[in-house]
Each structure stands twice: as structure tokens, then as C-alpha cells.
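Okay, got some structures for you below.
Next, two complexes with chain A in common: one pairs it with chain B, the other with chain C.
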Partner chain A sequence: MKLTALLMIAVGAASLSAGAVRLLNVSYDPTRELYQNINAAFVKQWKAKTGVDVVISQSHGGSGSQARSVIDGLQADVVTLALAYDIDAIAEKAGLLPKNWQSRLPDNSSPFTSTIVFLVRKGNPKRIKDWNDLVRPGISVITPNPKTSGGARWNYLAAWGYALRQSNNDESKAKDFVARLYKNVPVLDSGARGATTTFVQRGIGDVLIAWENEAFLAINELGKDKLELIVPSVSILAEPPVAVLDKIAARHGTAAVAKAYLEFLYSPEGQEIAARNYYRPRSKEIAAKYDSQFPHLTLFTVDEVFGGWQKAQKKHFDEGGTFDQIYQPGR
Partner chain B sequence: MRGAWFQRYSILPGFWGSLGLSMLYLSLIVLVPLSAIFLKTASMTWPRFWSAVTSPAVVASYRLTFGASLGAALVNAFFGFLVAWVLARYSFPGKKLVDALVDLPFALPTAVAGIALTSLYSENGWVGRRLAPFGIHVAFTPLGVLVALIFIGLPFVVRSVQPVLEGADREIEEAAASLGANRWQVFSRVVFPIVRPALLAGFAMAFARALGEYGSVIFISGNMPMRTQITPLLIVAKLEQFDYAGAAALAVVMLAASFVLLLAINLLGSYSRKFMESP
Partner chain C sequence: MSRQRNIFIGLALIIGMPSIPALAQSTDQKIQDLEQKVEQLDQEVKVAERNKELKDEDAANQAKNAASVTADTSGFTIKSNDGDFLLKIGADLQVDNRAYVGDGAAAGADTILLRRVRPTFSGTVYKFVDFFFRPDFGQGTTVIYDAYLELKYFSKAKVRVGKFKPPVGLERLQSDDDTSFVERGLPTLLVPSRDIGYQISGDVVPKLVNYAVGVFNGVPDNGLGDVAVSSHRDYAARLFLTPFSGAAKNPLRGLGFGSGISGGGVDGIALPSYKTFGQTTFFTFASGVTSAGHRTRLTPQGYYYLGPFGLLSEYTLTEEGFKKGLVQKDIAFRAWQVEATWILTGENKSFTSPTPKRSFDPRNHGWGAVELAARVGDFSAEKGIYNYGFASSNTTPRHAHEVVGGVNWYLNRLFRISVDYGNTNFGGGAVLSNRLSERVLIGRFQVNFI
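Entry: the complex of A and B
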């Protein structure tokens, strides 16, 4: 946990000239590689445009604990987190940005999207094709704890949404489906990276429910001879949002550059970098260019199915919510 | 006389100054942060506090946390005593090395310990693979929690017992033997009473350390609700969801329970010491 406080200095101290502007981007776990590339490109572009050097630092960790660090005083100019609920919490508890922050940038303030897919062992020995295969007896499923991991909440809601579609929106059937799925989970890691390690390095489980970009990354790093990506028939549209923290940026005098930094994510160059890091770009042209890279599947949003993050959080993950209920004894 | 309540034996001056400084230091380092926890829970109403600290998953986690900590401290008290005995009473090649090895669990980041233990004990790990045919599963079960807590608690018992054993006067044992005591009697009537207060202190420290352990346990426990979730993990889970008051409420329960238990163990220790002094 203490690692989350460690800041990764993206740009070498050598470029720290007198007139340099500093920017701190507080982000979640799997975006490390993405923002390294984004930062390098943005620094170059900003220098060419304004002649000013920007030094961008990144901080990574679980989305919830990152938001908590910001609430407790981490001086982030921009936040780029896994779910809107976490930025809502910053607006609500620390008042560092207005509550309508999500309408300030296009596409719900999410410059790119992702989804939830499956990772299985090479050759797919358990023949896992879709969500209903995960509840079969004898299948071992790896997913982190939704109470501690933002990514795991997307996983949970994706499974719930699938079950709703299968049962004509029967909530009790959906709950039963998710309860059966979590019966097949032998380990609940506290974060998405931990779950990936359990599945990939320790070889536990038949299937990992994962972010699409994490799944691509794992396959690229470990070789296509060990793992295989499985795309379910339907999944959730994960929209990781970004926002400037107005109060902190104003104090640092970085409001303009912070805004430009986030707008850069929407630019053709930013969108292209996102696509190369396996995030689904919003821009139609870039999306068309990388069309073959991303599998086609039906995607639903949290707003459509769950009425937004606030409602979803309260119903499913808060104390006594459906996640607590499925673990009650006697089930 | 204001001094009647205080015992002032020292011939060196500075009692009030050093007492004042100690109290200030303890307040700043221990009391202020702890009272902040109590203040945080003050924002909750009683029914909310009660439901937060008695929900089924939370109660199950108390059982695991206190049970496994107690079990680990007991195991450590036995084997730690054995290690201390061997180190204090015998000499053998590589003894210095073994001596240094004992402290390693102190220095190792607990997350590293957790990951290493998990890799060893998971079903395709080096040890876990050999235990699985017998139906013994360590990683991702309460047994795994116990193993991790034993690992981190060992040095406490060894380091508190070893100096006492080394300092004990061997001639008393010889006197007991020459007066006709058999070996068991020498151990149980002479050696053990000398070591008992130190053993209790080591036991208390190992127990306290296990109660607060987080890093190593979360890797090996699997964190299954109702089965292998420790209370510190639930505290972190509540923080991740911005439920500060709920997290503080659990912390208060942990603190109060630990305080009572440690106080009881310390009282037992001082009783045992008095028992020693006035036979």
C-alpha cells in the first residue's frame, strides 16, 4: 500500500529547468504504460506550442486508495481513475472540483474506454466461451475483491448485467447467478494486478476476469503460447474518467496546462497512443484504424443498466449490499 | 507529601523532568493518533456503530484474527523457547548464522514474506504440492493465515527468552540436581520459573504483532468473506469505499480488545514475577 505513495518520475530531473511547470497525475493501477507514453508526447507538444517545459509525475495504485490519498491531501493536478464513483468522492468529500465535473469534458469525461474479458489457459481446456460457463461446477474463477478493487467492481457488474439480460431483468435470478459465480472463486485478491499475478504466475484458476487492456498486456508479456483471450457475448463498457482538480491546479498555477493535458487525451495523437495501449479510443477515425485489434461484442453501460455509479455502489458494494449478501452463511 | 504516590528510589535527579518528557513523548506518538480514531467514530450513532462492528462478516473476521493470532503466539511460545534454549545452551558450527537468521522476519517486508509463503504453500507450490495429496491445503485457508502469523512472530519469543536463559545462574540447576531433583524437576521447578516472565512477555509481543499484521496475511489468506478475511483487511476495504467512520469503528474494537488482552497478559507476567520473588 505504501507503494501507492511512491511517485514515478516520468521525466528525468535533467529537464528540470527554472521555468518548468510541474504536473501530478494521480491514476490507477494498469495505466502505468499508457501515461508514460502520453506524457512523453504531451511534453513535446507543449514545448513546441508554448516554449514551456512541463514535468509530469505519475502516481499509481488501486483507484479507491488513490482517491483517498487525494482526499487526504495528495497534491494532484489531475486525476485519471478507474471509475466515476471515486472522482465523485473527491468532489463530495474534499470539494476540490465541482460536482458536475463529469459533464465538463466530452464522452462523460472518459477519453477512451475498455471492457471486461476473460483470460484462459492456452487451448482453453475448460472450453469457456461466455459468462454462463463461469458458474459451471468445477470451474475456478479468479477475480479481485470488489470491496477493495475498482476493476473488480466492473467485473461484478458485468456478470450481473449479463444475468439480467439472460433472465429478462429478473433481479433475484441475477443475484443467484452472481452468487454461483463467486462460489467458484477460490481467492479474492485485493487488487487487479494481484489477481493477474495469482492467475498467471501462480497458475491458480481456470479463468481470469480482467480488463481488456490488462489481458492484452499479459498475453504480450507472457507469450501467446500460455494464455488465450476469450471474448464473452456481452460485457460492460468501462469508462475510466479524467478530471482537473480545480482548487489544486489554481493553487499551483497549472490550470491551463492541466486542462490542455486532458484535452490532449482526446486529440488524434492521444487517441492513437491510447489505442496502441489497448484502450478503446472514442475518436471514430482512430477506432476505425484499430478496428481489427478490438473484438466486437455487445456492451452496456453502468448508467443504462444500473442507473449510475452512486446507485450501483450503494446497492451492490456498500455494507449489507448484494456482495455481502451472497456470502451470508446458509447459502 | 506529593511524593507519597510516587516511588523515587533513584539517587540521580531529574525524576519529574524525565517523567514529564516520557509522558509528552508517549502522548504525541501513541495517544494522539489513537484518540483520533476514537474521535472519528464519535461521528457515528450508537446503532450504526453497533451494526458496523457486529455484521456477520466482521464477527467472522474477529474470530479468525484473534484465533489465529493466539494460535500463532502459542506455537511460537513453544518453538521459540526451543530455539532460544538451543542458542543459549549449546554451541555448534554456524550458530552465529542461525542467531542472525532469527531476526530476519523482523527485517523482511511482510508483503515479501506473504508472497514467498503463498508461492511455497499454494497447490502448485513446492510445499503445497506435497501436502495436497493428504488433503492439507495451506494457502487460501485459515491454516495459511496461521502459518504467516507464526513466521512474523517467531523473533519476539526467541529474543525475549534467550538473554534470560543466558543470564540464568547454572549453579542453581547444579544445586538442584545435587539435592536429588531429576531432570524434569530441574526444568519445571528451577529453569522454567526463571524464564516464565520473559516467555510471557515474548508471547504477548508475538500475539500483539499478529493482531496487527496485514501485509503477509492478505497474500496467503485468499481473503474470502466469512472464511479467511482478517479484520485489518475489512478496515482497508471500508477505507477504499470512503467509509472512514466504519473503518475507525472496527479499529476501535480491535484496539479495545487488544488492550484488554495485553493488559491481562502483562498482569499475568507481573504476578508470575512476584511469585518468583517470594517463594
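Entry: the complex of A and C
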């Protein structure tokens, strides 16, 4: 009898695992906690709706590095990266999704937004209040490498946008400003999570330029008695996009569940989870509910200031671009 | 004296009193400066440590993803870290010295020649696709011998497309650096060398039962081609069993046997011509003869290896249609051979070349491996070849019988020196007599790595 029961359990387990649909979400660095929560909720919802088990794996790293891995063959069913340019690169170089991918989901396929803020030591000993404080001599700034990290590119463009506003759109002054800022950067991590580790756990630097959600998480984890969030006068509206990689999903037979997974991000439950993880929800209702959580500041977009990601990438981050001109490693 | 000292101390105190707060302030400042310096140094140390960590991580990542370059007994290789991408650069170079003994009609000119000069590029892309490209520049020619891709996703059904050896003759399928003699035996004259086509192959039972089936353009016997001369195709298949290969102690573990077959139309295909061990042409067709109709081949074959001993044998029956004027007939050609080898230095013999226990290095008592080899073989065309006027008995023998003996000295896994002596007797091929026997001594220096 016991043997029969064991056999039934074994057969049941085997059929469960055999019947489960598997998804791989290749994402950027600081979204680990967000997608752990999203995945748990979606798996439950999908099981209730279809009766099918879905197992979602996560992969995290610098957004640019992750895009490169997908182009090189990483079998992602969906990508949830830090910026649209990285998914554009996948569409262009690997042809895994159409070039108009961004129009397939609402809000340019960005189900939530974020921005760039500062994290300083408790008490703000260096009295850092805005971007111009980051270029003061003797200030040590932690930000990751824009060549590999999507977050770092948002940081860079936020600083550049601030400098343009301060200098009445004088590009040379903006370049000088950002060059001075990067002179104060002693360590370039490859991703946002690595930079947070450098600042928070290794105790390096006076200020971390960080995703807003990453800054909140760091404060929650380490304690408000150790870190302080500084909101600059102006920053950039970061719109991390998501997309199904059609060709891989079709090959895996996961197109429907992958699409539903991304649509779930726009659902009230998905938006609520995003807000709880300090991403700014697109839903007005959820945004209103969490309004007090997010600081109010002036935000500009990449399109407004840089003419879109393609132009920004080419001018600032491609080989020989502005970043290469202003940053000298191993100074 | 004591009074003077007291006055001095008193004066000193009076003078020093106003500077006490300044002294304290100065000390605080110094402590603050020192703290700042310590903090600064601490930051510098942490930054240096973190940068080193990042550098190490970067180096580890690069090493993880870096391709490896190796040069060893299997040749020169560039391989991606995950093994999914591979490029091997190889070469097959054979320098022969042919000396014909006697000066009969069959004797060729003594010569030193580059028998094979074949650079080889092979490897893998995306884990499941192998490629192989091998031209030959030997004997003053430039010919693409092999150029194919093989999709090996399913090990039981590997798909090969391109130019390669059709699955028919046993010794033909053996790589030329693995054959026990400098030239292959008579049965190989009757099977295709290289052809362009598609093939599916694999192990039905891993390492025990192997099959291959393919469709090809069709080439003359022992020939190769790059284009089809008609819309007829040649179909080939081979089944080969090594039923005891998994049994390590079974004396039959080195036994392999099977058969190849092929069939197809030959209309318009160039006529074959057959060569002796000494590579002189002994069989040619009469003028006005063309290939016509069908050709079928059957090639039962097998080998047996046990320790240093090796035995290989195959039989080839080819029945092929020819036409001259209004006469069209099928002619049967038959050939067989048996070869035996013994490695004197004790290495194990197999279908591939032995690896010497000690490579050639006399200072360190290494002499390589030495092998003795003997072969007997026979070739015959049915008598109708004369009766139907397809060949002249005055110039073309329809029978050849060869005996070959040789020594192979494997200096190491890649380099080999061979000396073979071959005697071929003929039936027919001269006016009222037989073509003079061919006796040839062939020496070869060979380096081969893929």
C-alpha cells in the first residue's frame, strides 16, 4: 500500500515537472527582488487561470552585458532590461523580435518607471544636495560602468541633462561637468548591484548614484541610521522596458505564457508589486496609493533631451563616444 | 641654585599659561587632520582592493569566455571555452619515392613525388554543426577532396551534406593516414572516392551498429566529381556491426563486419580506369565506349583486431552498364583483398593508426612503433568485356593479382615512414600474352594531423 502511494507520488511529481512550462527572464541588475515577487504572483495566477504550472528562471547582470548574452545565444523567453537601446540591439543583431517591439505593450513597453537619486552616508557628512556637489574636489562618487550597465547610462545622462539645464544647453559645459564628475569616480562596477555593494558593504565613496528603487532597498536593508536618500533638484525619467523574444518563445512553445507574463506587469497586482519594490507604477490608481512613497522632483526624458536612445547611445556610449573621451581608467 | 630653578619654572609657567588653550586646540586639529588622513588612506586602500576585485572578476570572466589555443598530437586547435566552437587546422603531406623494378611494358617511370598535399580545416560551430574542408595540391593538381557540413544534433541521425566519401568501400572509408599500405587495395578501385550528396548516418546501437544512407550525384569507380552529368542519382547505404566492441576482455572485441551497397544510373558518367599498386593504369576502355544504364555495387567487408594483430578484408562486386554502338551490356567487375598486419613493438592495432608507446627519441630510448604488413588481392572483369568490344585483350588485362608486403615505422602519432614492395601479375593485356608484371618499391614519408 505504501509502495503504491509512493509510486503515485513519484508519478505525480514526474508528470508535474514534465508538464510545467519554463520561462527564462533575462533582466538587469537590481530587479532580483522585484521579479522574485512578480514571478511568485504570476505563477499562482497562471495556475489558477490555466491549470498549468510555470517555472520562471531569472538571470541578472548589467543590462548591456545581458543583451550581449542574449545576442550570443542565451535562450531568454522574455527580456526585462534597463533601457530600450539594449532590446533594440537584440532586435537588430539577433533578429529575435521585430524592430517595432516597443509598440506592442502600453507605455512604450515600460510597465513602470524609476529615476536616479543619490545615496549618502547617514548625516550626509559631505553635504551633498544636488548634482553640482558631485563634481566638488574630494568627493568620491560611486556609479557603475556605462559600457556594461544600463543603470550607469541613466546616471550619466541624468548628470548630463542637469548640466545642460544649468548651462543653458551648452554641450561643452555639460561635457566638462560630466568629465569632472567621472574624475571623482574611483571604482567602476559592471552593474548597478555591484556599485551598491561597493558603496554600502565595502564602505567606499561619499555618494552612490543609484536607481531610486535600489536606493530604497539599500536603506531598508542596511538601516536608516546608516544611509540617507538625497533627491536632486532634477533627474531623468528612467523607463525600463520589457519584451517577449518571439523567436525563442516560439521555439520553446512559450509565446502565450511569456506574453501573459509581461501583461501581468501592467495588471493592478503587478503594478502594486512594482510599487512595493519602489518602482513608480504607470497605473494612476496605484501611483496615487503610493504617492507619498516617492519623492517629487523635476524629471526629463531621454527623448526630450537626447532625441532618443539611439542617438544617446551613439553619441555618448559607442566606441569613441563622449564617455570614452572623458573617462580615463586608472587615473 | 634651587632658588634660581624655582624662579625659572615660575617664569616658564607665567609665559606658558596663555598658550595652553592654543596647545589644546592645535592638538585637536592635529587629531582631526590625522583622522582625515586615516580615513583618506582607508578609502584609498578600499578602492584599491575593490578595483583589484573587479579586475580579478573581469579576468575570471574573460578566462571563462576565452577561447583556448592548443598545439598537440591532435594538431592545432582553437576552441571556445564551452566547446561549442572549434577550429582545427591540420595537414596531410606525403612524399613518395616510386621505383619500378624491371623494364617491362607495365613499368612506370621512377619518380619522387608529392602524393598528397592536403591542408585541412575542420571544426564545429554552434555545438551541433561540424565542418570539414580539405583540398589536395598533390601531384601538381588542385582538387577539393572533402567539403561538407554535418548536423549532429541527433547522434542516431547525423545529417551530412557536401562532398565526401560515400558509404560503400571499407578501405576507402579508412583515412589514408590510417591505411596499412601506401596505396589502397584492388577492391577500392571499384567504389567511389568522393561524391557530392546528402547522407544520414549514426549508431543505431551506440558503438555496436552503425548505418549510413545517402544520395549522390554519381561518379566513376574510384573517382570524384563536382557536378552531376545527368539527372540520375546514385544511392548508397552501409551497415556495419561491431557487436563485441563494448566487451573489454572479449577476444572478439576488435571484430567488425558489414556491407555497403550502391546503385544508380550511369548515363553519361565518365568511364573509369583502374590503376595498379604502383599507380600505373592497367585497365582502359576501348574508344567509342560509354557508360550507359545502371550500376550496382555490393561490398561485404570486415576487420578483426586483437592486440598487435590486424586483419582486414573486403570484396567488391560492381555490375555496370556500358554501350558501344548498338551494343549495351552490363559487365561485372570483382575484386577482393585480404591484408594482415603485426605491430612488432606491441602497440594495439586498430582501424586507425597506432600511437607508439614511445615516440622516436633515441637518446631517451624511444624508437616509435614498427609494423609489418602483407596483402594479397585480385581484380577481374568478366570475359564479356572483350566479347562486346568494350576493351581490347591486346592492351587491357581483365585480370590483375597483387601481392604487397611492407613495413611501417610510426615515429610518433603524426609522422610515419613506410616502405612497400608490390608485385602485380595480369591476365591478358598483350598480344597473345599477358601484360608484363609490375614490381614496384614505394617509400613514403608522411605527416598527418587533423
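Operating definition for what follows: the second predicted complex is superposed on the first by the 308 of 331 C-alpha atoms of A that agree within 3 Å, B and C clash if a C-alpha of one lies under 4 Å from a C-alpha of the other, contacts with A are read in each partner's own complex, and residues count from 1 in each chain.
Quick note on the criterion: a contact is a pair of C-beta atoms (placed from the backbone, for glycine too) under 8 Å apart; a residue touches a chain by one contact, two chains touch by 3 or more.
Treat the numbers as computed from the prediction; the structure is a model and nothing was measured.
Overlay on chain A: chain B and chain C clash in the combined arrangement. In the superposed pair of complexes, A:G203 makes contact with chain B and with chain C alike. In the superposition on chain A, the chain among chain B and chain C reaching more residues of chain A is B.
By the document's definition of touching, both partners, chain B and chain C, reach A:D189.
Of the two partner chains, chain C is the only one that A:S140 touches; chain B does not reach it.
By the document's definition of touching, of the two partners only chain B reaches A:D318; chain C does not.
In the superposition on chain A, A:W309 makes contact with neither chain B nor chain C.
By the touch criterion defined above, A:G62 lies against chain B but remains apart from chain C after alignment on the C-alpha atoms of chain A. After the shared chain A is superposed, the part of chain B among 97-105, 115-123 or 259-267 that runs into chain C is 115-123, by C-alpha clashes.
Chain A residues in contact with chain B (one complex) as well as with chain C (other complex) are 186-190, 194, 202-204.
Remark: chain B residues 51-52, 55-57, 118-119, 122-125, 140, 218-219, 222-226, 233, 236-237, 239-243, 246 touch chain A in the complex.
Contact residues of chain A toward chain C in the complex are 73, 140, 186-190, 194, 198, 202-205.
Of all residues in chain C, only 43, 46-47, 49-51, 54, 57-58, 126 touch chain A in the complex they form.
Residues 1, 62, 64-65, 67-68, 71, 89, 93, 145, 147-148, 185-190, 194, 202-204, 313, 317-320, 324, 327-329 of chain A touch chain B in their complex.
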